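In the two assemblies presented below, subunit A is common to both, partnered first by subunit B and then by subunit C.
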Partner chain A sequence: MQLDKKRSIRQALAIATCGVLSQSPVSLQAADISWKSDMTTLHYAEQGRVSVSETIASFRREVGEDEWVSLKFSWDAITGASANGAIFNPPKSGSTQTVTSPSGTSRTFQTGGSETVDPLTRFKDVRVAAQVSNGQYLTPTLKGEAVGNLSFENDYDSYGAGGTLAWDIFQRMITLTGGLSIDIDTVRPINGNPPEFASISNTARLGQGEKQTIQSIIGLSQVVNRKTLTQLNYSRTMNDGYLTDPYKIVTVIDAASGAPVDYLYEKRPTSRVRNAIFWNTAHHFTEDVAHFSYRYYWDDWGVRSHTSDIQYRLEVWRGHSLQTSFRYYTQTAADFYQYSLTQGQPLPSFASADYRLGHLITKSTGIKYSIPFSKQIDFSLRAEQTHQNDADNLFPSVNATLFQAIFSISDRVDYAQSSRAPP
Partner chain B sequence: MKRIKDVWVGCFQAMASPCEVFVDHTDRLLAKKLFQLAEEEALRIEQKFSRYRNDNIIFKINNANGQRIPVDEETSNLLDFADACYQMSGGCFDITSGLLRKVWHFDGSDSLPSPEAVKTLLPCIGWGKVRWQRPNLTLPAGMEIDLGGIGKEYAVDKTAEILSQYLSTGVLINYGGDLFALGPQINGIPWNVGIDDPNATGDQILVQIPFSKGGLATSGDARRYLLKEGVRYGHILDPRTGWPVLNTPRSVTVAAKTCMEAGMLATLAMMQGSDAESFLQEQEVPFWLI
Partner chain C sequence: MKTIFILLFAILLTGCITPIRPWERDLLAQQKMQLIPDAMESEVDQKVFFSKEGSSGGVGVGGGGCGCN
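This part shows the complex of A and B:
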C-alpha cells in the first residue's frame, strides 16, 4: 500500500495537531487538602543571667487550589537578670539605691560609701504572640503572601502586617522576592518611661513610648545546578520613635577615682536605618547537605556586624540525621555607646551603655539530631552552646546553652526534608 | 510519589497503562502539584473518550443509531484530527476500524478469523461513510468510532500543555510508552529513554535514546499478535482490507514536535509494512526501527 503524497504527511500532521492542541486548558478540580503542624519547645539559659522558655505551635493548611493559610502561636517566659548598663566592679560602694526593673519588679540594693547600683537587673516577663498568614499563587509563577502578627508582654505590645511576593523566572531557576512590612510597637513600663538622661533618683515618669518599623526586603535565589541553591537578600529596616530602652542606665563616674557618682537613664536617637546583605548557599551531596551563609549588617548608629554560619547535615541511618553548626559573629559598637560618663563633662547628645550596642564577639556551636518516627512524624533535638564576650573587656562574658525539642506532624510524606530514599 | 536520583517521579494508572511523570526540581510541593494535574488530566481524557464507558460522548455517538450528534469543541478538534489523518493516509488510519476487534483477537494464538467474517464487517468500516460537519457527526447505524489510536498521545500532549504553565524544563511525561519532554533535566542532560525489546518486553532495553524536548512514541506488535504457519499477524490492521499489515517492523519509535505527531507517524510507518523505513526517511524525522 502507498500513502498519498508521503512527503507532506509530516507537515500535514503538524498542521492537524495544531488544531487539537491549541485549546485553552480545561478547568481543574480542587486538589486534596493537606496540612502540617509543628510543636516546638525551647529552653535557653545564660549562666547567671536570663533564661527563656518558649513554646511554639504552628499549623499550616492548604485551602483549595494554590492557596494556604498558616497560624502560629508562641508563648515565652523570660526570667533572670540582664546587664542594665551600670558598670561592673566599681572602685568603692556607697548608699542605698533603688532601680526600677522591667515588667514591674524592682529591687533595692544595700551599698555603702559612694552610690552603687547592681549592674544586673532581675526581671520576669511573659510574652504571647500570634501570627496568621495567607498565601497563594496569583499566577503559576507569582506567589503572594500576606502576614499579620501581634504580641503582648507586660510592658510591650506590637502589631504588625506585611506582604511578600515571590516571582519565579527563567524556568523557575531564579526566584525574585520582594517584601514590605510595618510594625507599630508600644513600650509602657509598669512605672512609666523615665525621662532620658534623668538620674535614677528622679521619680518623674513620662507616658508610653511608641515606635514604628518599616522593613523592606528584596532577594534573589537561584538554582545553580541540581545540587546547589544560592540566595542573596538585601533588607532595609527603618525604625522611628522611642528607641531608647527604659531599663538601661549609664554610670556617671568621678573623673579622679573612677567611682560611680550617679546613674542616668540612657538616651538613643529617635531613628535608626538598618541595612543587611545576606548570602546563603546550600549544597546537596549524595545524601548530606552543607549550608554556608554570611551576613553583613550596618546601620546609621555605627553598628556594623559580620555573621558567618556553617552547617553540615549528615545522613546517619534510615532517615536519622545529625546536623552540626558553627556560627561566628562580630559587631562594632554604636557611635554613642559609652561604658560610662564622666562627671563635669557636658552630656553627649546620646549615650547608652547597653552591652548589646557594644563591641561583641559571639561564637555558637550546635548539634541537632532528627529522628523520623514515621513517614509523617519527625522529631528533632537540638542543643547549642554560645559564648559571648565584650571585645573591650568591660562586661563579663556570657555563656549560654539552648535546648530545643521539635515535633512535626504532617499528612504527607516529606522526602525532601530528609533527602531519604523512597521505600 | 517517589524520588529517584534527585528526580521526583509520580506514578498512576490511566488509559489501561502505567503512567509516569518525572519532575526534576527541588520544590517537592510543586512536583506534587504537577503529578496531581497530570493525573487529573489523564483521567479526564480517559473518562471522556474511552469506548469502554457508557456515560460519555463516544458512547453517545456509537449508540446514536444513525442520528446526527452535535459534539463539543474538544471532541470536534479530535475528530478533525482523525479526519485529517484519514485523508493524508489514504484511509490507512481510520477511527471506525475498531469493529474489526470483534473478529481479531490478538492473543498470541494461531486462530485467525475466517475471511468471510472479516468481509461481513467491512460495510460498517470506513470514515468515508461518516458525515462529519463540525460540530455535527452522523454515523451510519452499526458503525462505531474509537479514539484509542490517538487518545493516549493526546493525553500526553494535553498534560504537557498544562504542566508547561508551571515549568518549561525538567519534566518528562510517559503514558504507557508515549512520551513528551518539556526540556531536558535541570542540569541540561537529556532524559535517557530506552526502547523496549519486542522479544523480551518489559525485561530488556535495546536502545537508549537521549531525549530532551518534544514527543516520542512507539508503535509495535510486541504484545499483540497472531502467529500462523510462520506468518506473524501484528495487531496493525488495514481498515481497507480488514487484515493485518504483514512484514511490519517489530517496533517503530518516532520523535516529533508533539506526541500526537510522533504516534501517528509511528502508526503510519507500521502500515507501510516492509516500506516503513523508507517512509520514515522521507518524513525526515528521527526514528528507531527494530
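This part shows the complex of A and C:
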C-alpha cells in the first residue's frame, strides 16, 4: 500500500515534470480543467453620487454526458447618495437637521426659511446573492435549464425560480427558445414603509411591502450564413404588489412663488406590464467581430424606450483583442411622473418624481482589452463612461464610470484564440 | 415599429437561408461569435441599466430582484 502510494506520487511527479518540460509555460490541456469559471470584480461610481463595488463568481461543471450544474455568487457594497426626487436648486439656508429615513439610516435635510430638502439621500447597503441552475439535453435537439436564485440586502429580499427551453430545428439553423420565471420580493425598510403620499414629517410607518414578478420570453435565433447569426426575442414582464419606492419623495410647491412647502412620499400603481422586443446580430469579419442590438420597450405606465448598442471587437495580435462599444438609450416619461405637485391642488392617483421614470437619455461608451493567458484562460479589463441626462432639463445630469476586470477559465479550448481563422 | 419586428420575424421564419453544414461552423462556434460573448460583461451592464433606467427586458428571464437605487 505504502509502495503503491510512493509509486503513484513518483508517477504523478514524473508526469507533471514531463508536462512542464514539454509545454509552453501557460498552456493547459482541455482535460485539465473540468470547471468553467467566470469571475469579475468591478467598481461603478457616479460623480458626486453612488458608488458600487461588486464581485461575481460563477462556476459550471458537466455532471453527465448531457447535463451540467452551475453556481453563481454575487456580493455588492453600495455607498453614496442617490436622487430622492426632491427638486434641485431651491434656496438653501438655515440650519441642518438630521432626520431618520425609512431605512433607519440617518439622512440630512437642510432646513431654513423655505424649508428645503437635500435632493440627494445618503445611504449604505450590502447585497449578497446566489444562483443555482441545472441544465440538460432532454433530446439531442432540446435543451432545458432550471434556475433558482435568492438575494438579500439590508432592506430588500428576493427569491426566484425559473426555467428555459431551447429547441434546435432545421439542421440547427434555427433555435427556438422559451422561458418563464417568477420572483417574490420583499421591500422592508428597517422602520417600515412610509404611507404613500404622507408628508416626510409624518412618522407613521406601515409593514413591509411585497411584490411578485412573472417574466416570460420567447425567441428565435438563426444562422444567417457562415459569418452571421441573428436573434429576435419578445419578453413580457408582469409586476404586481408594492411597486412604490419607499425612499422617493415628491416636492409640493407654492403655486405663486414655486418655493417648496412640503415633501410627500411618492405613490406608484400596484401593477405594471412591461414588453420588450429585442433584436441582436453578430457578424464575423473573418477576424474581427461586430455585435449590434436594438430593443423597443413599452409598458402600461406610459414608458417607451429605444436602445441601440454596437460593439466592435478588433483582433490585435495573438488572441489579444480590443473591443469598443457605444450604447444609446432614450425613454419617454411615465404617465404619473411629476417633477413637483402644486399646493392646494387635489392629489393625483399616483405621482413620482424619480428621474428614472422621466424623459431620459443615456449614452455609454466603452472599451475593453482582452488578453489570452492560454487556450482556456482569458483576462479582460474594461472601462465604460455613461452620461445620463433629463431631456426636460429638470434634474442635473449624471456621469458614471465603470471599471471591470474579468477572469475566465473555460472547460473547452476556444480555437479562435490559438489558430488562424480560415478565409 | 411593431410591424417592422413582425415582418423581420416572418422573414427569419421563412428560412430563406442556405443551410450551413457542421464543418462550416468554425467561425460561428467561436466564443466571440456567441450572441452573448461575455456573460459577465452582459450581466453587469444589464444590472447597471436596470437600476438607472425605466425599462428593462428582452434578453432573458430570472436573475433575481434587487432594490437598486
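Please note the rule applied: the second predicted complex is superposed on the first by the 365 of 423 C-alpha atoms of A that agree within 3 Å, B and C clash if a C-alpha of one lies under 4 Å from a C-alpha of the other, contacts with A are read in each partner's own complex, and residues count from 1 in each chain.
Keep this in mind: contacts are C-beta pairs under 8 Å (C-beta built on N, C-alpha and C of every residue); 3 or more make two chains touch, one makes a residue touch a chain.
These figures come from a predicted structure and were not determined experimentally.
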{"item": "Touching partner for A:I406 - first (subunit B), second (subunit C), both, neither", "value": "second"}
{"item": "Contacts of A:N225 with subunit B and subunit C, given as first, second, both or neither", "value": "both"}
{"item": "Which superposed partner A:S321 touches (first subunit B, second subunit C, both, neither)", "value": "second"}
{"item": "Partner chain in contact with A:P140 - subunit B first, subunit C second, else both or neither", "value": "first"}
{"item": "Partner chain(s) touched by A:Y44 [first = subunit B, second = subunit C, both, neither]", "value": "second"}
{"item": "First (subunit B), second (subunit C), both or neither touched by A:S158", "value": "second"}
{"item": "Comparison of subunit B and subunit C by subunit A residues contacted", "value": "C"}
{"item": "Partner chain in contact with A:I217 - subunit B first, subunit C second, else both or neither", "value": "second"}
{"item": "Doubly contacted subunit A residues - partners subunit C and subunit B", "value": "171, 173, 223, 225-227, 229, 284, 414-416, 421-422"}
{"item": "Subunit B residues touching subunit A - in the complex, by the definition given at the top", "value": "1-4, 6, 24-28, 30, 32-33, 36-37, 40-41, 44, 73-74, 77-78, 80-81, 84-85, 88-90, 92, 154, 157-158, 161-162, 165-170, 183, 185-187, 238, 240, 245, 256-258, 260-261, 264-265, 268, 271-273, 279, 282-285"}
{"item": "Subunit C residues within the subunit A interface of the complex", "value": "1-2, 5, 8-9, 12-13, 15, 17-20, 24-28, 30-35, 37-41, 43-45, 48-49, 52-67, 69"}
{"item": "For the subunit A and subunit C complex, residues of the former touching the latter", "value": "38-40, 42, 44, 50, 54, 56, 58, 78, 82, 123, 127, 129, 131, 147, 149-151, 153, 155-156, 158, 160-162, 164, 170-171, 173-174, 179-181, 183, 185, 187, 213, 215-217, 220-227, 229-235, 237, 245, 247, 274-280, 282, 284, 286, 289, 291, 295-297, 299, 303, 305, 307, 313, 321, 329, 331, 334, 356-358, 360, 362, 368, 380, 382, 384, 386, 388, 398, 400, 402, 404, 406, 408, 410, 414-416, 421-422"}
{"item": "Subunit B partner contacts - residues on subunit A that touch it in the complex", "value": "1-10, 12-17, 19-21, 23, 25-26, 28-29, 31-32, 140-141, 171-173, 223, 225-227, 229, 284, 412-416, 421-422"}
